[in-house]
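Before I ask anything, here is the structure I am working with.
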Amino acid sequence: MAPELLLVLAAILPFLGSAAAICLPGHARNAAAGLAGFVTVTGLACIGLLYPLAASGAPVVFAVDWLPALGIRLVLRLDGLAWIFSVLVLGIGALVALYARYYMDAADPIPRLYCYLLAFVGAMLGIVLSGNLIQLVVFWELTSVVSFLLIGYWSDNASARDGARMALTITAAGGLCLLVGAVLLGRIAGSYELDAVLAAGPVVRESPLYGPALVLVLAGALTKSAQLPFHIWLPRAMAAPTPVSAYLHSATMVKAGIFLMIRFWPVLAGTESWYWIVGTAGMATMLVGSWSAIFQHDLKGLLAYSTISHLGLITLLLGLNSPLAVVAAIFHTVNHATFKASLFMAAGIIDHETGTRDMRRLSGLWHAMPYTATLAMVAAAAMAGVPLLNGFLSKEMFLAEAVDSTGEHWLNLALPVLATLASAFTVLYSLRFIRQTFFGPPARDLPHAPHEPVRWMRIPIEALVLVCVAIGLVPNLTIGPALAGAARAVLGERMPDYDLAIWHGFNAPLAMSVLALAGGVALYRVFGARIDTNPRGGPWLMHRLDGGWLFERGMTGLVKGARWLEARLGTEHLQPQLRILFLAALAAAAAAGVARGLDLLAPGRATAFDPAFALMWLVGAACALGAAERAKYHRLSAVILVGGAGLVSSLTFLWLSAPDLAVTQILVEIVTTAMLLLGLRWLPKRDRAIPVPDSERVRARRRRVTDLVIALAAGLGLATIAYAVMTRPAVDGIGRWFVEEAYPQAGGRNVVNVLLVDFRAFDTLGEIAVLGIVGLTVFALLRRFRPAPDSLERPAQQRRHDADDRSSEGREPGHTTADALLVPRLVTTWLFPFIILLALHLFLRGHDLPGGGFAAGIALTVAFMLQYMAWGAAWVEERLRIQPIAWIGLGLLVAVLAGAGSWLAGRPFLTAYFAYWKFPILGKVPVASALVFDLGIMVLVVGASALMLVALAHQSLRRTRVAQGQAEREASEERA
Amino acid sequence: MTPPMTPPALPPSVAWSDHLVVLPIVLPIAVAGAMFLLDDRRRRLKEALSLATLLALVGIALVLVGRTSAAPEVYRVGNWAAPYGIVLVADRLSAMMLALAGLLGLCALVFSFARWGRAGPRFHGLFLLLLMGVNGAFLTGDLFNLFVFFEVMLAASYGLVLHGSGETRIRAGLGYIAVNLVASLFFLIGVSLVYGTMGTLNMADLARRLAAPGAGELALFEVGCAILGLAFLIKCSAWPLGFWLPTTYAAASAPAAAILAILSKVGVYVVLRLSLLLFGAGLSAGFGQGAILVAGLATIAFGTVGILASRDLTRAAGYAVMISSGTVLAVLGTGSEAALAGALYYLVGSTLAAGALFLLAEILQRGRDPVEAAQPVFADEYRDPFDDADATEVGRAIPAGVAILGVGLLLCTLVLAGVPPLPGFVGKLAIFIGLTAGTVTAAGWCLIACLTLSSLFTLMPMVRLGILNLWVPNDDPPPVLRLSELTALSGLLAACAALALWGGPALAYADATMQWLKAPEAYIAAVLDGGAR
Amino acid sequence: MTGADLPLWAAWLVVALVLTGAAFSLTGALGLVRLKTFYERVHAPTLGATLGTALILCGSMLLLSLIEGRLVLRDALIGLFLTVTTPVTLLLLARAAAHRDRHEGNPGAPPKP
Amino acid sequence: MSAAAVLDWGLGLAQGALVLAMALAAWRCLRGPRAHDRILGLDTLYLNGMLTIVVHGMRTGSGLYFEAALIIGMIGFTATVALAKFLMQGEVIQ
Amino acid sequence: MELVLSLGIGVLAAAGVWLMLRPRSFQVALGLSLLSYAVNLFIFAMGRLTVGAPPVLGAGTGIGQDSVFVDDPVTQALVLTALVISFALTALFLVVLLAARGITGSDHVDGREPHPGQQSPGEPHPGRPQP
Amino acid sequence: MSRVLPYPVLSVALALTWLLLNAPPTPGSALLALAVGLAVPHAMRPLRPQSVRVRAPGALARLGVVVLADMVRSNIDVARIILGLRRGERRTGFVSIPLDLREPFGLTVLAVILTATPGTLWVQYDSDTGHLLLHVLDYTDGDEWVRRVKDRYERPLMEIFA
């Protein structure tokens, strides 16, 4: 197989496996584990086969285009560094897959766990194999997401949910920064390809964008690798099942941050800022992590803080800007992965077998599970840096670097001391772990009686411990070449000379090691007992700094702050919203006008003044202002006055040469008034007598003043603009063309109507659609309308009429009404055919003279409405069967078909046909397809407006029925 | 400048295939009209009709996407040439938006088959008319015709927001309608002012007139444009004009909310179209760009605050819609061409995800939500106001429903928060790369910071709400996912995934669209001189 | 300008008709303001609705007939329909007022028929 | 004085008188004091508005204004009837 | 005339805006009506003013046909469309406010009374009868 | 006959109205008038209006003349009252008139006549007692008004619509 294919296979297989795992039935533990094992082992084989190529120095590369527009390819790139990380990911992955099979409870939905695990393997491989910056970010975020799912696997558990959320929040935030950083890096380097970026180191460091890029990339790396102060997510991620902790939170995911720093070390490192940020973060993390680990009572907690501490150590190494330190960092990464994973698994076994992880309860497990205890002790010794184990080697390298690193900074000077101190802490908690758990008298009162786990569960630990020992004993034979390959991939020309030997003679690092070992043991002797009794309050000196608590407080504060801000920056109330809209319009118009130096009062054209017109507008203005004043308490008056204002504006249209508008406006006015009145019946009466709190009175007055100012400004603004435009000469626009071409080209004399049904018929089609939609919406709403209880009663007038009728002899309830309506009924009934005639007239003449389908439709509606008003809904509907919805549909269809008819003639939609047809006797008769279109309009208008009116009118019937129902219910209750 | 008194010679006849451009408008209105003639009880037939229509619309849109890649298509409604008649212009941008609207509409429709289609009378007709309005707004080349289609779309949206009735909906609907009515009045003022000062309504003609020195009353024209722009920004729900959006969308029934996700994008589309067409060059070059930038940034910020503050998923989805609109606006405001292509791509992805989120949220919150589907209604004769016929619930409960919902929610979250590998990420990436392509301006940095923070602050509340809805154990019965709902959801999410997977071609399309928009001369020529077809 | 080729007498006649009609209408409206009670005021607008309208419409018909050179009678329709419809409003209003006045026991309330 | 001038002045004066009548009606609309007074005012306003239209048609010598006047004459009473009925019955349509 | 009309538009708009900012939904509905009038007149005004020359060509009446017409019939067509649409939407708003009033019991634009302690407006209250 | 032309008078009135509206008549408009006269009354049928039979067309014409004359006279009277040109005290008041006319159409015509005539206003009609409450602007003598209404209008109307 071609090497590229092997690479692709290794990269893709985990995702395929993940997809396959989720398809397995919920109880298929063996199948799922087998699948995971197969995937990881196959991947490992693939990567293993590629070792010669990867070690050769020329990376194996496979690329496909993804986003060519952005210059982004998907590139798989295997070099020495990627190889060693891939082996870690796949190798430990295989062991964890095996371990998890026996660790997890039968009741757990195992395939889901394996699905996530395999997806994680894939994502992690994606990171280490990325040959493209953006691709790296993609897989980076994928690991965050999958780790979220893994931590939250036991989602019924509150701490799992919280831990998952915290981990995702922190690592994804870092990832988002990393994305921007990667974009900037790519921008500086001129390419997102890793090779190009790695080659562009000097350019990058010189660039003015280096600072932001560095900070952003490090934000990603430091959050992921749980560096101070972002470390807080890691201990809480321990709510995940132990195999997950072993894998993600010690061996792999946290190492993604380390990997990133190693990967970009040649590009980003070597500067002061790198040194300070990375070095300080690493140092602080190492110290705080190890210090905190000392005080943990939970095995996994101890291991988590220990992990933090070791990650800090590696970060510190990378921060030192020394090539040898990079080698040490890579080496320690591998070592830490092996011993920490095995320790986690051991902890898992202890938990599994005893039912607790609390070191204060555990004791003397050596007796119950000697084999596991031995393994754990070896791993812990490796962690503590005991000679002949792998931890010792890399720690020696670290201490050597600490000593070698020279400079005047306090960090440099303090480094050897702090490094020794941290090592001593490490010894202390390792010792505590071993001592508390395995030694002492056998524990009693444990949830389960401890014994050795099943054979298969120990194999992964055995394998890992074997690696620890092997590396510790014969480093050059085991890790040597791979480490060199990895280091060369990073350092290239700057590859330092180093020696992985166990013995380097008596030197400073050895002294520091010894000191740390001795110090750790001494400290344990002195403080061990006191640590045990340390109440659950965190480490000494730091118990007030509970990261989780702070984080939760932060989150809560954030949400609270957001809610506060949401309420301040926005509003759900309508009035302020409308106020803002009007203010914004005023501001926008003013700004635009001022920006261009609008001269509002430039002299211009004027039409001869007519005092009658002015007087008429005095009426209009008075009506409008009166309506505004009376709308609150005297709604009927306000409706009347709005009607007056409407009449004046329709007369204005007429005066100013727009008879069509006048006709339409009058008709609309009539129907609107009727509708407002129909609605008014269902509104509560308002009166000045309603008490308003005094405090509210002041605020209301202030609001009214503001509103008044806004209203005046809006009126003045609109008036000014209107005046400015009207007095300016007409622009040479499209308008004149219609006057000249309406008759010759469209065969209509009423230019406005021709515009509506021919030139701009498309507008009209939309317009009637609106009308139809509104009709239907009104109908739908009113179907479910329930009158408010206080307006349910019959109006007082009718009740009084009926009371009068009852009290007079010979009269039945309803007589008064019938008498009063005697004349209106007769008049409106006989008017009915004449209004139909009027509608026909308006419809037929529309094309040539004022009128048209809309006016005709409204006139017809008025004809119906008059019948409803005179006779009542029930009476009319006994006689006239109006099906408004069908009319709406019909109108739409007729209008559309009138438009689509032109397709048959090979013309665009709505192309009008117009001709004079000759008939005997009648002579030439104009025939226009526009008339059919207008017919559609008329039919729809009748349907929609009748639907609205009828729906409104029906509320009274409904009220009657509701009232009847109520009365019946009450009656039946009384009987019962 | 004197416009020609006679329009350019018209082709003697039009090929059948040319009518494709007008079909996205004519088809829904015709089918809706026919449906109104049918009794509302014939649900199956109506569903089939709507489904067929929507499929046809998606098909047409895709064909148009293909055809307009070469050249735009101009359709002269009524056979009147621009600038006198109304023309429809299908270009890359409109075709893309048509496809988006169609896809979203299709999925929302399929979703409604499960139950929402019966929660009120005449759902399907309203739904189709809404799409007609949206499609019309995308296609028209005439400013006033745009107003008309806006109104069609809004009127139908009022109906759909109120669909299912109930207190929350009606209360939200009242505010929604009031605000949008004011916006419509602004639109009218603006468009008439533009006409009064420039003498034309055709967008291309307007652009051409603006290119000639001394055209019209420029100051008053710009006042008109400012008011017009405000109307559009209200539809985009830009801060501080868009407070109606989250409340309204949260109250709306799920399929309505999903399709409404496209509504605010119509506003964005118009701002995009007009500012690039009219203000790219010419007398008013650069008009309003700063305002758009500020509005966009403020919208992202407010949307982010809102999403952080959200107590439920529907509200969060509403704010996500705001953020997505704000992002496109802000990118437009920076004037960065390269980023604009990314923004176009982002617009599509985020709209699909927001739509999916509305659907998901409804399923997840079903039963807990006070805003519930009312009893189904069939008898819609006005004389039977109390006839609430009940029907058995259809659809097959899917066993792994919760898991699927979880995956869906996760994917939506990823898209909206811009987390890899979905289109939200690709879009933001493209925007970042575009913004950093040249010298990074202060506006660019600001936008990058804004988008990054907004990503994070979208992710956090979404995760919180997801955990609350899916992980926290409760006594509610697990949500039941019906087949049609699953189909709708997977359709939207698959579209998202496809958008990311074929990010190359998609971004290339967006890039070409941006190039096309940046050089409007070809558009103008095609409309006014019959340059194309 | 309208009626440039009209005989002068016709112009005067038309103007006389229209002005008289307008005067009646104005008087009616004045009555609406000047008269003291509602029941008195209701009578006032009838002036405009009957004689005022009739005169003005006659003037209009005369003028249009002269201009068009044929008998134009359609304005009569306005008068016809107006005569039929105006009373409907007035008597409903009167009925409503009567009822309210009686109910509230106002001094000028009408007696029962 | 030419016929045209006579017509112009005479009709202008008549129109002025009618608009004045409208103003008086509007005064009643605003002044009240009772709702039926206002409705009466609106009715008068409509009437005089209609007459204004007729005279305006005469002034311009055009028959195009006829429909507007006819509509007010024929169905203009709908609005005031609705108002009156609302006053009398408490609702427009029972 | 221009001045008169623009002042008229201004007053209508001011009254409309004032009413739209009021808390009661019926006030808003009336405000909407007034504002629509103002806007329709505004659109109309954009075509400039012409007295007594409707854009209806010849023939129909036979009255003095000189070729003086309104310069620009387009705004008239626009107003007609806008008129119809605002009619429809006013109706819709009215119905929604009714529905809101019915279902929430309040006629406040937010669907709830701002001062819960206050007497609900629907209850009968002592006071002078409404004219 | 009745099926084709349910209301012949209405048909004629509609056709005439159409012709008036569309003057001068052409063959086309005449055809349309015919169509309108034939078709529109059918829209009226569902309302099932009480049919009207005019018995005495002569009386109708006479009534018309009387009403016209009364209208002009009362117009002038009322105008004088409004303008304050009338000397002497003026009283307004309500008159109750017992009517014998029960035919709804006749009553409607009476209501229209009385209300359209300035100075008189139809306020309330009681169908059980047949009493009509009339408001009179210039109230001189109640009996005089009763006689006037009954003689001048009610009797001819009863004759016409009997």
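Here the chain labels run A, B, C, D, E and F in written order, and each chain numbers its own residues starting at 1.
Everything below uses one rule, namely that contacts are C-beta pairs under 8 Å (C-beta built on N, C-alpha and C of every residue); 3 or more make two chains touch, one makes a residue touch a chain.
All values reported here derive from a predicted model rather than from experimental measurement.
Touch-path distance (fewest steps) from chain B to chain D is 2. By number of C-beta pairs in contact, A-F leads over the other of A-C and A-F. Between the Cα centres of chain C and chain D there is a gap of 9 Å. Centre to centre, using the average C-alpha position, chain E and chain F are separated by 37 Å. Look at where the CA atoms of chain A average out and do the same for chain B: the two points lie 17 Å apart. Within chain A, residues 572, 574, 578, 582, 610, 613, 636-637, 639, 648, 655, 659, 680, 718, 721, 725, 730, 733-735, 738, 759-760, 763, 767, 770, 774, 777, 781-782, 784, 797, 801, 820, 823-824, 827, 831, 834, 841, 849-850, 951-952 each touch two or more of the remaining chains.
In chain D, the positions touching at least two other chains are 15, 18, 20, 22, 27, 32, 34-35, 39, 41, 56, 59-61, 63-64, 70, 74-76, 81, 85, 87-88.
Shared interface positions of chain E, i.e. residues touching 2 or more other chains, are given as 20, 28, 42, 45-48, 51-54, 56, 60-61, 63-64, 74-75, 81, 85, 88-89, 92, 96-97, 99, 103, 109-110, 130-131. Chain D contributes residues 32-35, 56, 59-64 to its touches with chain E in the complex. Of all residues in chain A, only 572-575, 578-579, 582, 605-610, 613-614, 617, 620-621, 624-625, 627-628, 631-639, 642, 645-646, 648-649, 652-653, 655-661, 664-665, 668, 671-672, 675-676, 679-680, 682-693, 696, 707-708, 710-712, 714-716, 718-723, 725-727, 730, 733-736, 738-739, 742-743, 749-752, 755-756, 759-760, 763-764, 767, 770-771, 774-775, 777-778, 781-782, 784-791, 848-850, 854, 944-945, 948, 951-952, 955 touch chain E in the complex they form. Across the complex, chain B meets chain E through its residues 144, 147-148, 151, 155, 158, 162, 165-167, 170-171, 173-175, 177-178, 181-182, 184-185, 188-189, 191-193, 195-196, 201.
Residues 797, 800-801, 820, 823-824, 827-828, 831, 834 of chain A touch chain C in their complex.
On chain F, the positions that touch chain C within their shared complex are 17, 20-21, 23-24, 71-72, 75, 78-79, 81-84, 92, 94, 96, 111-112, 114-126, 129, 131-133, 135, 137.
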